[in-house]
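Sharing a structure below in structure tokens format, with a few things to ask.
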């Protein structure tokens, strides 16, 4: 039993202890690895951090990430001083903005959630969710690629009723999409990934559980309704025994598909997120360290949560996966037809054509563009047509409208993964936000199936889209500033002097 | 005879009666369907709404859309309290802006009407006219597509006189364009569609009467001059008897062509319009309902006016149309060559290649792009050349200049439909605005025929345009913000210190 | 001899007389045709307008454009009241700006003249020079087209001396460019076109004299130095006798080439110019006329100066031209290979591939793009290679740099016409401006010949450019506003709080 | 021994003497050639300029550039008046900004150095480094070209360790890049090029020493660590004896490769730099000279430092180079496959495909685009594959990320030159900045090799990139201002009235 008084003496960067749920932890060496920056921990150095810790972290976060020898034991609760939390002006303003959210009925599309989330989320959480690799070209390309594909709708088909349900890996889904895996759900909302589980149940869609969830795997599975389908996204551990245990546990718990992430041997640099971290540091310290500072603090969050990921994962490991589970195996993060073909030849159940939401390799192509190439080449080389039950193609990244999904389906995808929009939905409105987001997608699918002249997804065929511009990666010739600023724009007819439109 | 006093007790969302032209209506259940939002009705709950109702609605609007059992009978006029209309500051400012319109002689092109209309129209009317589907990509693409087609004019041809008149479905038109069907004309001007009828007569062009006109069909036909040609746009009713009656009545009244809309089994979501509606709601109410609100209020206007449209319309119905009328039948909203070919093979008189002004399926292609494909494929497969008297091709959407029309004619269109510009013309200047708009088009046609070196429309041939970029749907690679903001733009030579140009 | 008193009674729109150089003119019917608007004339109604008239008009402007019966005779000078000219605040500010021009040594490129001219020219003169047809797409395309052609320079060639002189229609030119014809030079500077004549002599380049010069043809020829070469641009008069007289007079005076304009059967609408005119009208009057106003005032300037142009000019007229002069005949305004071929087959000396500086048909292609097509087709069909002494190709429009010219030469042009930049040069600095502009071009040619690795123009060959993107007329897919405004741009590292960079 | 008093009488533009390190120089005729403008010299006319001179100039600058007869001898130090340096407000603000630089740990990428350098460098130094030719199209194209090449990464390869070291001309380099030659390093930092030498040693990369370094050649070689590899960039002197001496001296000093610049027979006009110079002139004087001013002052800096460069350099000179040195010979500035082939056929060791950082011929293509063409043509014509030890291809210009370099390597480059980013790094942080920049590149290479699935550079192959859009030089059709300003953008859902986000 440690006394609060002793804990209180470890209140500096040199020696930093904190109390969480009555336990004392020495986090001195963890300071630079903390995803949220060291500043926030140092604020609680020598003190009880439970109230600040709870809303953000999964219960086992500190015990999992801190070596056992840093777990110092229990504190005598009588001796601990109460911490008076001071709320910053920024935080007060944020809470006020939260109280001013428009009603959900004013949310008309998935973009709207992002606009509200940006206003009401803590800045660091926003930065973590929204950031991507390097110059963030690929994250935007993911969305832009959909804009290079146009529709060729059909008319005079009886579309009184339309059916856009499908089967994903043999499991029924009410729409040709699923909720893809995204990390750290509690950054946006205290219920984290459970928001997704519950809303998915309401709308008959499938959730892919992330390895790096804020909630524990079992919490998320427990929250599912009977019969509700879930998949698991897997980061493969350097220690294969851990991975084996996780996979087999998942199978036991009824998981219906295993999506092995193959595009993240190392987690990407996300500079917007890193930039934010400096605001979370003690500024004095940042200044002091200056040039001497050789510690690479820049990838704090990623390193803290991802150091276990095995960069040595190889095609050679595939048979081992096939030996430890009967779940369908899908590779998540395939980015060219050559690897999709390899996956097919090795008997996998499918691939997700994805660049990890633009968070890994910048200038990686969009899933949609890769899909087009994979369909063409696997057709030519193995005689496959898509969508294909035996070898399913998925894409993710950049989706905001049901029309985006329908374009991918027309080209050959079985379904499309959607991630960030649901994060923004629960970050701004909790589970009801996710429900609304899924309802919007339902409405959009119904409308657009009708307008396409497709009564079910088998009628959403390649000839319904013109994808001929999909691979054009155009950058305009740099502007001629001198000419352009000399040019005087055309003007409309104007009202005679009048007070400005309000 | 109901007393004004009793009516006055039904003054809430729970029970809402209003008086129009001395009749009492129970509109409680209609509140959420009202195109203009519930707020404006609730303002007149229990009161006489005639003064507010008249300038906006067609005479039979309320009787047509409200079930008979909600028509409660006449009110005793002596007992009705006068409503004092309070004009909002916004409305006062709008009326002032209306008084400051520039003279018509300052209007130089069709764009100008839109610029003025945006200033002088009520915001909701502007939102209804200007809005389009989803992210409004297609509405803008409709205009942009014309910019990807360039001219190859001919020289040294005697163009002292040029003739740009043509025949549309056998009817003379002074220009290769017609006024296409648009709904709810009274939102912009009390005379609604009659503005179009009268100006069309003055300029020898053909008006297509919309099913969803603010004025009644017969009012519009009655307003025509002797010999003036009109077409009818048709939304097909679920109750075919109603449609049959309407079509045969139209034929009797001398309508010369029937344009069956095939791109709107369900009316599109127009978010700009929907967004506006929330401002028209009682804000308190919006807040209360919040999450519980499962009523889909979002498509109010569209649902109210379009619920009768049959989503089951099918190619199978075509022979029936051919059996009930001798008018030429044209499909409006064809969007690929396959359906144009089908229409030709089934003996129809033509097709309008159109995406409904961008109001239905976003990322539908422009009519101009479809035209190019239809001309090519029907040439290759049926040996047709265009323009073709037997099977006429029309396009609409995005036209602002006579040069736009001439591009479509060169590619193979018989004529081009123009819609919104005329709405904006009468919304800002009434019939004289439409007259001026048509005069501008005349002037532009005359000028540009000369500059093209075409003495009549048969000389406006495919080799006069370069359409090779028409199908390029390019999205630039996302910008490199860091590089671009580092780049310091070139500067011109500058005046030495001097007061700024006025 | 008319008395000033009588003149003074004709001081209204109903009857408007003015005095110029002691003569009385009745301009009542000319008011609406006046290029500068009626307002400025009405200001001098009944008065002596000489001081205002002189700096802008060619001496014979009023006598040429006003029917003889409106020449009322001489005024008794003793009886004329002096007009006190009031200088407006705008004009005072403009004159002040003129005094603040940077020194000519600060002018680094042709763009700079335009930037200064825009600041120091009267607004109406600027509007006339800078305006173009319709939406002004083609005027900007003229410049943009050069940006789609890129260089493939050669190295390790001894470029100690480079020679970029050439022969145009057999006449020596120090550079592969000429000063093309532009109208109304006195709008920008009292010496008008003489600025060009004098500077052309200094720099060994050829001036093309415009039919619509502010100075008379003979003034301009008289200003030439002995041996200085001039061409003549010709608008063909409906009265061929006038044209014959002009052409034969030109030949007598030593003109070395006749450029017959074929792209202007009617002068284009230039809305920027027209918009400006309304500011020059009496606003009260504009308001009154309003809707009744059927007079087309919109093309005032163009009509006034161009009504004599024959829209009936035809290929049939070519032999007649060949019969009345021995000067080389060139068609100015050819816009497709078919017409260039026709010109070749009819024995003409060349063609100017031009769209009249974007002032006639909007969406006409750039001269550079047409050049590429003409070279290809006349090569394939007549075995010609270019540049070609027997049949010379010229382009004009959009040139601002010697590199622009060199691109055209590489593709096959003999020389390139430059117009507006010289107008801006003399409008801001008089003849010295034109001298400087030509000097800049000399410097740029010398530099860029070296950097290209070309010792003379015969070494500027097609393989020195990549023109494969020249015909791409791309319009980006309309932006996704909702997505784009949600996206938060990357930020650089920032200085810690510091006062802004000055 | 000259007296300070006598010197002090030569204090005007007519006769201007200055003292540097105790010597007197007559710089009257040099005033207009001074790279920094005449104003700054005139400030010290008749005075001791040492304190101002030292931080910017190489020790031998004045003695090398001023003819011997202008070296007037020593001054009597006792008689020289002390100059009191007045620091301008701009300079004070700049120094303050320098003190506010963020810590190096906040620098996340190479862009950041440029952002900071722009804030903390003297404006003239910034202008010299950042400027480029004409309209600065090519400098930006250099960067943009990389954005038209996209990755096709491979998965499931064991990337636990990745190796991105390579050999350049037989010399080991820790990364496939080198520090390319850039002039006048002391403009940015007192240690000039030595910053690069020292950091290159720390990171195992090769520095190319510029002919126009601020430090002397021997200073730079002396600063190298034992075994450190350096190359030499060579401007060939009109006096070949000087060149021979320099080359052979370099070989003696251990230089491992000679890069002969072939794209600069004359140094380019850089208008941003020239514009800046006018601020450095005596304004009164600028005004006076005005039109009479025939002296071409515009290329002051370039002329002063480059007048010795031989524009007559020719392929004929290559055997001579081969005769005077055994160092590998590389041509720097090759811009088309024809010249690359010639270089190969003449037995050279390689070529740098470069446009001199956009500073010479505007609209020259990017090195990356040329690389693609050279690899294709030398493959087809000589059966070569790249990278190739015998004939190495390099590119430079526009690189900001390791991914840029990897794209070039995939296409066939042996290594890529990086220039400006290192200038900005030492201009803002001295040598530590360059160290950090190189460390960032190391981190990016390691990360991106993993993400590409490449374990060493031989696995970075052509199929890893899609370069099919590389040659597209697109300029969008000019915007339709009237249409675009009429269009009202979509709006997100908004918070109810709330104070703005801080």
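Letters are used for the chains, namely A, B, C and D, taken in the order the chains are written, and counting of residues starts over at 1 for each.
What we mean here is this: a residue touches a chain if its C-beta (ideal position, glycine included) is under 8 Å from a C-beta of that chain, and two chains touch if they have at least 3 such contacts.
Which protein is which chain? UniProt says A, B, C, D = L-lactate dehydrogenase (cytochrome).
Since this is a predicted model, take the numbers as computed values, not measurements.
K.L.:
Along the shortest chain of touching chains, how many steps lie between chain A and chain C?
P.N.:
So the least number of steps between the two chains is 1.
K.L.:
Taking only the C-alpha atoms, how many degrees of rotation bring chain C onto chain D, rounded to the nearest 5?
P.N.:
90
K.L.:
Pick same or different for copies chain A and chain D, depending on whether their interface residues overlap by over half.
P.N.:
On the two sides of the chain D and chain A interface, the residue numbers are mostly different, under half being shared.
K.L.:
Quick one: which chain's Cα centre is the longest way from chain D's?
P.N.:
B
K.L.:
So how far apart, in whole Å, are chain A and chain B when each is placed at the average of its C-alpha atoms?
P.N.:
The mean C-alpha positions of chain A and chain B differ by 41 Å.
K.L.:
Measuring from the mean C-alpha position of chain B to the mean C-alpha position of chain D, what distance in angstrom results?
P.N.:
58
K.L.:
Residues of chain A that contact two or more other chains, please.
P.N.:
Answer for chain A, listing residues that touch two or more other chains: 102, 106, 108-109, 111-112, 115, 135-137, 140, 147-148, 271, 275, 472-477, 480-483, 485-486, 490, 492-493.
K.L.:
Within the complex, which stretch of chain A touches chain D?
P.N.:
Those in contact with chain D are residues 89-90, 93, 96-97, 100-102, 106-108, 111-112, 115-116, 119, 134-135, 137, 262-263, 265-266, 268-269, 271, 274-275, 278, 286-287, 289-291, 293, 296-298, 311-315, 317-318, 331, 333-336, 338-339, 360-365, 471-478, 480-483, 489-490, 492.
K.L.:
Can you list the residues on chain A that touch chain C in the complex?
P.N.:
109, 111-112, 114-115, 118, 130, 135-136, 140, 143, 147-148, 271-272, 275, 400, 474, 477, 480, 482-483, 485-488, 490-491, 493
K.L.:
Looking at the complex, which residues from chain C come into contact with chain D?
P.N.:
That would be residues 102-106, 108-109, 135-137, 140-141, 144-145, 147-160, 401, 403, 407, 429, 432, 443-444, 446-448, 450-452, 463, 466, 468-469, 472-476, 481-482, 485-486, 492-499, 501-502 of chain C.
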